[in-house]
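A, B, C, D and E label the chains in the order they appear, each numbered from 1.
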Amino acid sequence: MVLCEIKGLDKRFGGIHVTRSMDFKIQEGELSAIIGPNGAGKTTLFNLISGFIRPDKGQVFFMGRDITNMTPENITRLGMVRSFQVSSIFPDEKVFDNIFLAALSYHKKNWSFYKTNTAYKDAMKDAEIILNSLNLNEKAHLWAYELSHGDQKVLDIAIALAMKPSLLLMDEPTSGMSPDERKRMKVLLKRLHEEFKITIVFIEHDMDMVMDVAQKVRVLVQGQLIAENTPEVIMQTQSVIDAYLGEDGF
Amino acid sequence: MFKKHFLVLGLVAVIVLLSFSVSMAAEVIKIGALYPMTGRAGLYGKDSEAAIKIALDEVNAKGLVKGKYKLDVIITDDQSKPDYAVSVAKRYITSDKVKFLFGVISSAVGLAVTEVSKDYKVIFIGTDHAATDLTAHKFQRYYFRVSNNTYQSMFAGAMYLKDMPGWKKIAYIGPDYAYGRDQWLELRYGLDKLGVKYEIVGEFWPKLYEPDYTSYITAIIRAKPDILVAGFWGGDTVAFIKQAKAYGLFEKMKYFHPDAGGNYELFAAMGDELPDGLILSARHHNNWPPTKENKAFVDKFYKATGRYPSYAAQGAYAGILFIAQAIEKVGNPNDTEALVKALEGMKLKLPEDPEGFTSYIDPKTHQIVQMQAIGVTEKNDKFPPAKKMLGNFKVYPADKLMPTDEYVELLKKTKK
Amino acid sequence: MMNNIKGQYIGWIVFFIVFMSLAFLNPTEHTINIASKILVMGLFATAFNLLFGTTGLLSFGHALFFGLGAYITGMVVKSYGAEVFIPMVFLGGIISAIVSILLGFLCLRLTGVYFTMLTLAFAQLVWGITIKWYNFTGGDDGIQGIERPPLFDTFSSYYILILIVVFISMLLIYIVRSSPFGMVLRGIGQNPKRITFLGMNVYRHCLFAYVISAFFSAIAGGLFAGIDGSIHPNLFFWTQSGGVILMTILGGLNSFFGPLIGATIFIILEDVVIRQTEYWSFVIGVIMLSAVIFLPKGVISLLDFIQRLRKT
Amino acid sequence: MDTVLVAEGLNTFYGKSHILFDVSLKVNRQETLCLMGRNGAGKSTTFKTLVAVLKPRSGKILFNGIDITKKKPYEVARLGLSLVPEDRRIFPTLTVKENLLMGASTHRKGIWNLDMVFEFFPVLKDYQSRLGGNLSGGEQQMLTIARTLMGNPEVILLDEPSEGLSPVMVSTLKDLIIRLKSVGSTIILSEQNVKFAQSVSDRVVIIDKGSICYESDIETFKKNEEIKKAYLAV
Amino acid sequence: MEIYISQFIGGLSVAMLLFLVASGLSLIFGVANIFNFAHGSFYLLGSYIAYQTISLFPNFWIGLITATIGAGLIGAILEFIFLKRLYGRVNEGPFQILLTYSFILILDDAVKFIWGPEYKTIVKPDILEGSFVIGSIFIPKYNVFIIIVGIAIALLAWYVLNKTKAGMIVRASSLDRTMVGLLGVNVSMVMTAVFGIATALGGLAGAMAAPLRTVTPGAGIEVIIDSLIVVVLGGLGNFWGALLGALIIGEVNAFGILWIPQWASLLSFAIMIIVLIFKPQGLFSKSR
């Protein structure tokens, strides 16, 4: 089943054509990567899909609905949730509260202003489950800014999970991570996909990660989708090697 | 410069110590004064302070009620903020146990403090705020004003205009608040009352402390009035005249500014630059009346401060003298009702009184009744740094300048 | 989090005891007057900080709501008598809240300095109208002789009324701040983009906070009208908005009680220093400057310092 | 061999937390030294301490024999020790050319000037009047290195240059560093990408939990799988 | 028709003085991200320093120069001793407001202490006395002088900021002080210099305005809100924007006085509301 469909998406910034008539479908249950050289328009694509910027042309459908002109917050409420390249957390809140805040939003308690936080059992429970499953429970009472870079990225994902997404868009989940942190992230992504049954699309530069995790890879070059296939095939595609992978195999 | 201040400080300390030792003998009667001491109105506060000292020295040197009492004044910066002034006034009465409230430059502050005076039944001597309301429909029996109100200045102004030949068109510029509005209302009332025919060709309302009048000036010139009536207050007059001069405004029309235009600080600030022939007046002139009382007062002030007084000084000086005389008459400072009675109709020869006239307090409204003199700017360097002062004075009789009942009704209607 | 809550309880107890005991210690009228002003300005600053301290949006026009509260109470009491005083304080809050919806609708589309300046412009406009609309507002002469409500008509009983209303209001603001909604506001201050991508509308949350803030600012203004029974257009002026900003920052904008502490310091300083010297502005300036240099989180950081001393 | 930079017993704190513990380093002229370690191990802190953005509580840094421990960052840069920060820090509203000219603020003489830089980085020449913020990530990485080169540093500190770059871009970076070596630059590199580090470095130092725990030449390091496993989790 | 021309020219000279006063605020506000609440106090200092100099050496031009240098020096010293300590601190922005506000309190009182409460005056130099007269239109020479200086400052500032190395460093410093330091620039000096230049501009404005205005304690407070409006109206940190903002305020007031004199004093706030509602980032903003 198609979860999300992108139809003829087109966007210009000033004179630069950042997205050129893009077409593809995200199937429910897929775990796929988007790769491409810096400046290819990967993050812009996410911004367009999630409603953060409006496309000049084209449409986006999510779960059968046209979401092209919806606000990002309403799109998020439909179940499409993002995590960010630079981890987007609430640095001056406790780790637990970061997730709790997101869980409150999911339970639509964000407008409650007359009861203290402890009154919201559902959200508390959700937050605790996520803390446990991402192994953050020992750090629950730290300030978010005290976390290491890798843990902040995990927290970013934890915040996204609290929204119980059906589609998770992740922008470079391993950026700035050390090799062992990357390994943990790999495992985490697979678990999210298998245990939580979340459809995941992620942008990535680390080819090991892409090879190991992704079932499908899309390649973006200069705002265009130039290839879409399994990782093994992509690795052999000459145009991808020229534009992105290079010969050294870093 | 600093040295001088330390010297003054030292002197003050010595005086304070001395007066303290003297006060062992006499009972001190406290007066709580409110004046702006900072910002643009600070000059009037500082001048009032200096004049109060002069008056205190005179009064305490003689001793009150055969040396039984002496006066002491506490001054607090009211910041020209009415709500703050009210709280200070209450502190004066409840904590400092003052017998009199005193001072106030801004009418808004005056209107606020008079309420405190009424509630606590403490006499409030207004020395320098001109809103007619205070002695008209907002009158209360514990309030007395020892300087003239805008009605008195403006009615004198109307009389001046009546006698002036060859004009018909008139325009007004004044600050956009009660003081500016009242003056215009009162002048028009006066002109109508005197049966003067005139045509209004423009009204302009810059904000108080407007720094730049250029656009007003070009608009006034276009309106082509014969007379421009101005209701500026404080330093705004200086800015306006400086800017208007370059546009040749003063050659094109008469400038007429009968309430605060003739303030000495304007002459001091403008020196030679001040055009001749402006028709101005003030609540006190340093060179009128040419009596020895006035000269003595001005000289004393100059000796104390190194500068000549602005109009505010004379009011503060008069206020202290009235208090002293009232206490002298009653014999003790505690019988407020008797003091009120004593002050009603009290006569006192003030620096501002010309030969043959003595100021008195109107028993009905508690407003001082004084002569008004309107003059024209001319060369006069006897009061440096001023190079020009008023001359060619025309004097208007005090008793003709009191607000009529009819006017009070009008005021009530326009101002609720 | 737990530590915080404990600390806050102590704050509430200290707050209540200090101001309550004032009423019984046979204070002078002037002391009560100052304490009343501290409470009222403290509530105003706390209400102001509901928006500023969480979302970081700096309103330079909050005097508008304070003044509105004071004028609604003052004008109606003047016409209909003191019986309507207490309902009018409340009504002032409601009207102010309605006005704030309209203003917030325009202002909150902007951020940063632009928000700050637009709020300033609106407040100044209302100030100008108050002065010009003489027949209705009394112009720059203000309104005098506003009677206090029956039962609370002496300075000391009125103080009790202020204490009760301010205490309840601050408790309500505290509840809002520690609620999920308050948490969202803090989230907006730290990372508005994330809030959007958690399905929440930044603008609407800010608007709601702005409205609550306006409501309590007006309550403070209404109470102010009764302290001296004298109100003036300068309650709307930018210096009034500026004053509340300075109090909040000086006290500590990241702490709930910071603004109240800032208000206390400002009002006591003003009272004491101006009484002593004509050069009060110099003295207060130097004190303020030292506070900025030595107390990087506002005066509230002195408390942290004492706590740390106790721990070690 | 000629030593250009010596750090002895550096102890650096971030607020109250102790980050570097007695870090000592020696850098030889014209070598490429790679500082490796996990996230949070102290690589960036070491770099920031060397260029005086952070002040060590104790320890000493000698650059060409001059004690620079107490100097300000700009003084260190003028002496010829320059950092290319991890987060690139391009001036987004300055043009590419202006960004480059900013680099010349050290007033040092040397081979690097606009012409030379444009020859090395032809992309930048084409984009010289574009705003820095409009460049792609890879171009920004080029620009930030070029900008530092404009100051003719004697020693360049490159903090995680390959981070966030596409593989083909990392190859370009490799070629660039090799070319820099060929013109005689001394480079200190911090990296987590082992493959890349091995392809350009002469010597490797590993830092873990704020202390130096391994040091060797590149060939020895290549063979030592244990070390890689223990400290880099490869 | 003539009235419109003369009103327009009147508005122009109001605008230029406004711009002159606001230019320093615009410089630090936009370029160095410092909000100097005390800008009006440096304006005031400028007036008084010029007055003091002229009363010692009766020459207007020397007065202008000492006022500029004096206000600049005092500004630079205050920045060096106090403002510098705030850079990079938490809540830097709010504390800047508090600190510069304390400058107002201290400087304004110092002015009163040194020079007393009475009004001071500066006489225009003879060469700028009088007016050009075209038909019935008067253009005072001094206003022409102000217009020329205003334009010169706008041009100079534009040139220095965009075309010189120093300007480039200033722009870069406003973006990222740490990075600029890493590239070998003494940023601390740059910030002091920028603050000094900005306050010097304030001082120059104060000295130039003195022959037209009242020199009195407290006169600095009034210019600050007007300057803020001008700076924000045009878009932060944009000199041309500030110039345009000043022109709009000047001209709208000039014609407002003609057509709706009752409401003229509220017009600048009304304009700001209208502009910000339709162009939320000021007039010269780049839409993103």
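The definition used in the following text is that a residue touches a chain if its C-beta (ideal position, glycine included) is under 8 Å from a C-beta of that chain, and two chains touch if they have at least 3 such contacts.
Because the structure is predicted, anything quoted here is derived from the model rather than measured.
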{"item": "Pair of chains joined by the greatest number of C-beta pairs in contact", "value": "B-E"}
{"item": "Longest centre-to-centre distance from chain C, chain (CA-based)", "value": "D"}
{"item": "Centroid distance [mean C-alpha coordinates] between chain C and chain B, Å", "value": "37"}
{"item": "Separation of chain A from chain C, taking each centre as the mean of its C-alpha atoms, in whole Å", "value": "42"}
{"item": "Separation of mean Cα positions, chain D and chain B [Å, integer]", "value": "75"}
{"item": "Junction residues of chain C, two or more chains touched", "value": "132, 281"}
{"item": "In chain B, residues with contacts to at least two other chains", "value": "38, 176"}
{"item": "Residues of chain A engaged with two or more neighbouring chains", "value": "none"}
{"item": "Interchain contacts, given as pairs of chains that touch", "value": "A-C, A-D, B-C, B-E, C-E, D-E"}
{"item": "Chain E to chain B touching residues, read off their complex", "value": "3, 6-7, 9-11, 13-14, 17-18, 108-109, 112-114, 116-121, 123, 130-131, 138, 140-143, 209, 211-219, 221-223, 226, 250, 253-254, 257-258, 261-262, 264-265"}
{"item": "Chain B-touching residues of chain C, taken from the complex the two chains share", "value": "28-30, 33-34, 37, 131-132, 134-135, 138-142, 144-145, 224, 227-232, 234-235, 270, 274-275, 278, 280-281"}
{"item": "Chain C residues within the chain E interface of the complex", "value": "58, 106, 109-110, 113-114, 117-118, 120-122, 124-125, 128-129, 132, 238, 242, 245-246, 249-250, 253-254, 279, 281-282, 284-286, 288-289, 291-293, 296-297"}
{"item": "Complex interface listing, chain B residues touching chain C", "value": "37-38, 75-77, 79, 81-84, 86-87, 90-91, 94-95, 107-108, 111-112, 114-115, 131, 133, 176-178, 181, 414-416"}
{"item": "In the complex, chain C residues that touch chain A", "value": "1, 175-176, 178-184, 186-187, 190-191, 193-194, 196-201, 205, 208, 212"}
